[in-house]
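See below for the structure under consideration.
In order of appearance the chains are A, B, C and D, and numbering begins at 1 in each one.
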Amino acid sequence: MKQYEYLAKQILAAYGIPIPAGRVVDNPLQAYQAVEAIGPAALKAQVLVGGRGKAGGIKFATTPEEAQKLAQDMLGMNLKGYIVERLYAEGKLNIEQELYVSVTTDRNAKAPLVMASLAGGMEIEDVADEQIVRRYVDPRVGVMPYFGREMASALGLTGTIFKEFADLIVKLYTIYHEKDAELVEINPLAVVNGHLVAADARLNIDDSAMFRHPEIEAIEEGSELEKKVHEIGLAYVELDGDIAVMANGAGMAMATLDAIEFFGGKPANFLDAGGGASVEPTAQALGVLVSMEPKVIFVNIFGGITRCDDVARAILQVKETIGIPVPLVVRLVGTNEAEGVRMLADSGIAAYSEMAEAAEEAVKLAGEGR
Amino acid sequence: MAILLTSQSRVIVQGMTGNQGRFHTGQMVAYGTQVVGGVSPGKAGQSVDGVPVFDTVRSAVAETKADASIVFVPAPFAKDAAFEAMENGIKLLVMIPEHIPVEDAIAIVTRAKDLGVVVIGPNTFGLISPGEKTKMGIMPNHIYKPGPVGVVARSGTLSYEIAFSLTNAGLGQTTVVGMGGDPVVGQTFVSVLEEFKRDPKTRVIVMVGEIGGSAEEEAAQHIKDLGKPVVAYLAGRAAPPGKRMGHAGAIIERGRGTLESKEKALTAAGATVVTMPWQVAQAVAGVLQ
Amino acid sequence: MKQYEYLAKQILAAYGIPIPAGRVVDNPLQAYQAVEAIGPAALKAQVLVGGRGKAGGIKFATTPEEAQKLAQDMLGMNLKGYIVERLYAEGKLNIEQELYVSVTTDRNAKAPLVMASLAGGMEIEDVADEQIVRRYVDPRVGVMPYFGREMASALGLTGTIFKEFADLIVKLYTIYHEKDAELVEINPLAVVNGHLVAADARLNIDDSAMFRHPEIEAIEEGSELEKKVHEIGLAYVELDGDIAVMANGAGMAMATLDAIEFFGGKPANFLDAGGGASVEPTAQALGVLVSMEPKVIFVNIFGGITRCDDVARAILQVKETIGIPVPLVVRLVGTNEAEGVRMLADSGIAAYSEMAEAAEEAVKLAGEGR
Amino acid sequence: MAILLTSQSRVIVQGMTGNQGRFHTGQMVAYGTQVVGGVSPGKAGQSVDGVPVFDTVRSAVAETKADASIVFVPAPFAKDAAFEAMENGIKLLVMIPEHIPVEDAIAIVTRAKDLGVVVIGPNTFGLISPGEKTKMGIMPNHIYKPGPVGVVARSGTLSYEIAFSLTNAGLGQTTVVGMGGDPVVGQTFVSVLEEFKRDPKTRVIVMVGEIGGSAEEEAAQHIKDLGKPVVAYLAGRAAPPGKRMGHAGAIIERGRGTLESKEKALTAAGATVVTMPWQVAQAVAGVLQ
């Protein structure tokens, strides 16, 4: 769950990490007032996409009037598919040096990873390996002040910045830990007047931990359709093909997309109907596929916990209510297979037992393929 | 033989009186698993499918000498359940729930390492040893049969698909292990491959991987010295970067975790890499000859 | 650092543990108002001594008038040497059952120890061992809910009380942990209307951890003289003999008391001047001994870090300023011994080198001994 | 020979540039201790008595191969310093500060156990091995001499008194260990007795105990099988119950930790128990004959 920059910065500030003067701006008048109060400022679109700056999502205003005018243009603009509803006006910094620091979860080490670099201001993937200091956190120990000093020392920092950096590492890890973050990143971590300031910040919260963070607003990413399917509780990703796909289980759903591409087709989406979904959510999911107006719908079910007769029931329910106006290819095997297949056959829907054959047929019906 | 789970394993079910716990207790008992007890706080004295329910793992272990536990409690309570099991001597712990906070998963696997506990999951279908007539998990009972193939997978349904195709091709399994779809899980391909290496009955190993992380690349390092053939199938060829494909773990982040790098590493290590699930059984038959 | 009952209860309540209705009472009118508001109540003297009830520190008031009158009597009373400055008016409970629960530090196990018993309401030392459930906490793990359930189960609790008790154990440990307690005890833990209520509570905070608990008030125990010496930063305990004693190091100070008793004398105090105390605090400490008007003053110094000449200087300073009107016995060996002894000799004070001889002489001068 | 600390021990001083650290570095160097480095954040490049100062234990250990550390930082920072030492490979850790929160002490000794670190203290005068010409601590240099007596004490000055009386009686010491006066410390009489048991040069052991806790009673259990004579002196006969006698640890709580029970247990275990400090040397001379 990504957090908007201004929310991320508010959390940093709450943990004692210095941030630039800044204000949330909802309308042009507030932009005027913000620059009046804090002086020349950057107006930053609060959207969850990368490369904001290049896409025109960050503008500089020297006067209140300029800020008001810029805000008028920026609020409501479409930035890479996202409507800009809010700006963050932030005072300009006289940056002397740019560093990088982050805490993230390393899935292979099964431990938090702290990274820091003197090469701040660019994406960390673009920084040469030898310029990055990487230290794993032992979950038994956490991050104590010495850990921050070791990183400061490894970076070659001295004096005030040594102390401030060491201190900041502890605070950053505390945020990571207490807020169940998967990523908390300050980039650039700026040196201004000889002191550290978090010039930009990213904070992603672990979706699975949101239940214990009522203080953090849930921010749904993605298209309207994606949001809608997520509300049903299913995993859904929009793709740009025209064969709508539903399968049960994330691995199966991925394999189904792979199979469609294997035969030369283009999947329209990823949809995991769940390992043991019952009739109602399955029907709802299928309804979503219909609403996408694809060329073909492909349902690929291996009935383990999921019962094939339940899937058949869901299909028939959708067929009888909203209707399925495009070709439907169903692959159905496993638990209660016979009954499910019979139910579909009774309604004139043939079911495949082999995934390969079914995928090939779906591609063929879409008029694609080799 | 089998790995990790054998007919000797004495299993308790944490969260036994919930819907899922109740249903799968029945399924496990039916498959032959030695389910010796269940745990549901405040429900001591009840029973499910003839299996006694206890208030705590402590009392269950004291009464039944259980050494393995499968956890069905909701994600917010999973860490508590996992520690309850581990601190009371459970040595094989299967964590079924999905959506366990990563921080909790880290705490669980870290403690497991210190205590010598094998954690399967979280967000796993469990593991099954057909020749031992025992399973701990939520997989369908009828799709497996005893045989020489060890299977290790990240994903549930996809592994069913492949296990069933093996069974249908006459290729039975020693043990099928679901590592779990979360970013942080107890096992790695490497740790499970090592188990299969030590199992004399396992003659070939099937790895069912997917995009995300670098577990497959790390496994490749070990496959060279494994002494047993490996067939690998990886899902997610069609997945775009930056999007979570259902599993919290299945995401290509900043150029890491792509299928290409994984397949390249595995091929270089000598594994037989197939591109579609229905090609696995034939490849296994091939390397077994 | 012991906490008053009402402070302990406020902390319990802040952590979600149910406490009886109660009010702090500083004057008789407040006692009236308290009983008016919460009904018949116990008025409890807020002093840090055990056996409050037997000593008349707990009275029951049925009406506001009665409460006012009782408060008048109780406020200002002397309870085992402590003046009662504050009462806690607490609603009467219809107690159905009394349990015991505590978390404390076990110094041998080097771990927290949780104890619980169905035999509540009396001091835990008076409860038979087999009636107490004892569980150590692994500091690596802390107390998770299962730990509470295990204790509830070991006590044989069921139903609502099982759940409430398990939950309470977690909260109690959280207090122990977050407040750096050395003891947090609920006794009795009452069952009222089928629910748990902390009828009485004790909370001792680790003195050494007070620096990180600005939210907790420092409560100095002991006599005025003890408080005064503690303010100098020295360890001091009043005893009932008439030979005033100063030594350097806690072990040495204890051994010095033992030596006095060995020769049949009675020490007036324990005073550890510190392992490396300099002139000023040593002189201050000696000043305190003079102010006690003992029969004899015995100074026992093994100069390690402490320098014998510094001790001599301190003695001479006191002698020359406030004067030392009682016999003084000094034992002085170790670092800079020769200089220290010479300085004392110049002022007519003989110094012993053997602790035994010196102690025997001090006892003799006090007119005691065998 | 000696226990725990030998002439091979490579020592760093954490908090070397503070008053105490600076003074005792000089004292340790003068005694012969191999002080190879010091740690004071932000002071890298300085030196104290010719010993180089580093910013972190990590860099100090990397440069000097230190395996032991003595900590002089103020109590609120002691836990951080202790973990810094332990996580960077230090195996003998002497914690001088007093007033370290008990919770921190528990965390330190728990972690030390997991990492195989020997912690002396907190609130200790340290330890000294006269025959090895090395010490880590704040004890005076001149009161010890090499010989066959192992000394373990809770309290500082009292142990000086006794060590000096031994020295004056011609009874030198292998190692004198100060366990520390806090409620929770790294060592127990038992753990130190076990070390002395293994040291061939130690022929007799002097225990200097005091009221509070039950460490002396636990030690008694082990003295029976120690194979070496033990002379014990315990302070606090005149201490009233419920009052802390200076040391946070020295308190008779609710009838536990009294001198009577301790002396009874030690006597029953075969130790020679004396009642006054000046009786120790004679008792040691007696058992050595």
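The rule is simple: a contact is a pair of C-beta atoms (placed from the backbone, for glycine too) under 8 Å apart; a residue touches a chain by one contact, two chains touch by 3 or more.
Nothing here was measured: the structure is a model prediction, and the numbers come from that model.
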item	value
Chains touching both subunit A and subunit C	B, D
Labels of chains that are neighbours to subunit B and to subunit D	A, C
Between subunit B and subunit A, distance of the C-alpha-averaged centres to the nearest whole Å	27
Mean-CA-position distance for subunit C and subunit B (Å)	55
Contacts with two or more other chains, residues of subunit D listed in rising order	114
Residues of subunit A engaged with two or more neighbouring chains	140
Contact graph of the chains (line, ring, star, complete, other)	ring
Those chain pairs that satisfy the touch definition	A-B, A-D, B-C, C-D
Interface residues, subunit A side, partner subunit B - complex	105, 107-108, 110-112, 123, 125, 139-140, 177, 180, 182, 206-209, 211-212, 235, 237, 239, 247-255, 257-262, 267, 270, 272, 275-276, 302-306, 333-335, 354-356
Complex interface listing, subunit B residues touching subunit A	75-76, 98-107, 109-110, 114, 125, 138-140, 143, 153-161, 164, 181, 183-184, 188, 208, 210-211, 213-215, 218, 235-240, 243-250, 254-255, 275-278
Residues on subunit C engaged by subunit B in the complex (per definition of touch)	138, 140-141, 144-146, 149-150, 152-153, 158-159, 162-163, 166
Footprint of subunit C on subunit B - complex, ascending	41-42, 44, 55-59, 77, 79-81, 83-84, 87, 111, 114
